[in-house]
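Chains: A, B, C and D, in written order; residue numbering restarts at 1 for each.
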Amino acid sequence: MTVRIQEADFDLSQEIANLRQARPQIGAIAAFIGLVRDVNAGEAVSELTLEHYPAMTQKALEAIVAEVKQRWQLDDALVIHRIGRLLPTDQIVLVAVASSHRGAAFQACEFIMDFLKTQAPFWKKEQTPAGAHWVEARDSDALSAARWSDKK
Amino acid sequence: MTVRIQEADFDLSQEIANLRQARPQIGAIAAFIGLVRDVNAGEAVSELTLEHYPAMTQKALEAIVAEVKQRWQLDDALVIHRIGRLLPTDQIVLVAVASSHRGAAFQACEFIMDFLKTQAPFWKKEQTPAGAHWVEARDSDALSAARWSDKK
Amino acid sequence: MALSVLYFARLREALGMAQEDIALNPKLATVAELLEYLRGRGGPWQETLASARLFRVAVNQEMADPATPLKDGDEVALFPPVTGG
Amino acid sequence: MALSVLYFARLREALGMAQEDIALNPKLATVAELLEYLRGRGGPWQETLASARLFRVAVNQEMADPATPLKDGDEVALFPPVTGG
């Protein structure tokens, strides 16, 4: 189980290859890639800055990964989240989950994203023609995370 | 929307880059990669051969992709399925869905896999120490596909 | 007035045949009637097509069911439940 | 006997401060009491911490709630609802 916070970009093929390495029993990988959009809430975005709470971020993400390991039978899971200054079309986050079963891989991947979006201390600041502003948290993210308390 | 049936391997980073090309509004990509396992139903697998029904395969996959386009708001979707002789750890299938919203991307990606597993005319033959045999379809795949008739 | 009938994977091997043309007649108007005719050949035909759980039918590259009508020039495919992905 | 209090993102900017040490006393035994003390500073403090919808609290890098107890050496962080991913 790997959690990495970094300024540098990542290569998808390389990261998935590392995740699979020496594990020929893996049959299914579900992955999510989050990207900087050039528009958000109707406004043009020219730049994004990702701030985080270094002492807590790694800990929070590791707790989420520990939770999915307990809920589903997984071979491995990977979370990479970038920080610092990013531009539209840049990669922000990669979550990848490897399992023998695709259902477990899909669910664990979506679970990690739902809790990353509500529990991991990252904050986005957008640069727009009207100036810089902090991105507002969305109620839909809280609702997505709340779904998991009803079902396994 | 792209559907490709091919013998050749594919590069994940390259395929996702193609999917995203010239679409800076994409915020979320959900992807699934299916791999040849070195063991299946307790038996060692040394080789896998994927047969298909050429006239129908493309048509069946395009119908599935058309269905997800109608159900969810997506920027694009990609399905690559390999045929012919494959070895353990080889990539078999890639499904990737791009959207502004991660919920739509995850659901559409899982929907495509569920219906690919039950509607697209591919058949796997495994080489094991006990000889070659055709892989049995699993009831769990039919159940996964049936879930989608209850909900949007 | 004929159907082109294709067999794939386990069915192709069990029946020893990948393709055949079957002349249409008024008793071969639906998928159910074609299956009845094929089972009538006995041996592996009867065995392989005994249970609907064992195979699927497509007509003109679309999934079909017993009631699907057949007409001249149709491509009918018989194959096991699919196992790709 | 002190807490280290950290402010992030919108809160750091609104409060004009990234970190401060606050001496502990018997009236600062929980997160709720610390928030009450900070709001008592008025101005941006009162405004920024007015509604629980506007911020989150972590104690020693774990999400906390108003009832979470505080003790000497704790690291308390106040920040807006998170927006990563």
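List of remarks:
Here is the rule we go by: contacts are C-beta pairs under 8 Å (C-beta built on N, C-alpha and C of every residue); 3 or more make two chains touch, one makes a residue touch a chain.
Remember, predicted model here, so these are calculated numbers, not experimental data.
Among the remaining chains, the Cα-based centre furthest from that of chain A is the centre of C.
Distance between chain centres (mean CA atoms), chain B to chain C: 26 Å. Inter-chain spacing, taken between the CA centroids of chain A and chain C, is 48 Å. Between chain A and chain B, the centres computed from C-alpha atoms are 22 Å apart. Residue positions 85 of chain D are each in touch with at least two other chains. Touching of two or more other chains is recorded for residues 34, 102, 113 of chain A. Contacting chain pairs (ordered by label): A-B, A-D, B-C.
Residues 6, 8-10, 58, 61-63, 75, 77, 79-85 of chain C are the ones that touch chain B when the two sit in their complex. Contact residues of chain B toward chain A in the complex are 11-14, 16, 20, 24-35, 37-39, 88-89, 100, 102-103, 105-106, 109-110, 113, 140, 144.
By the touch criterion stated above, chain A contacts chain D in their complex at residues 34, 50-53, 55-56, 59-60, 81, 92-93, 113, 116-125, 134-137.
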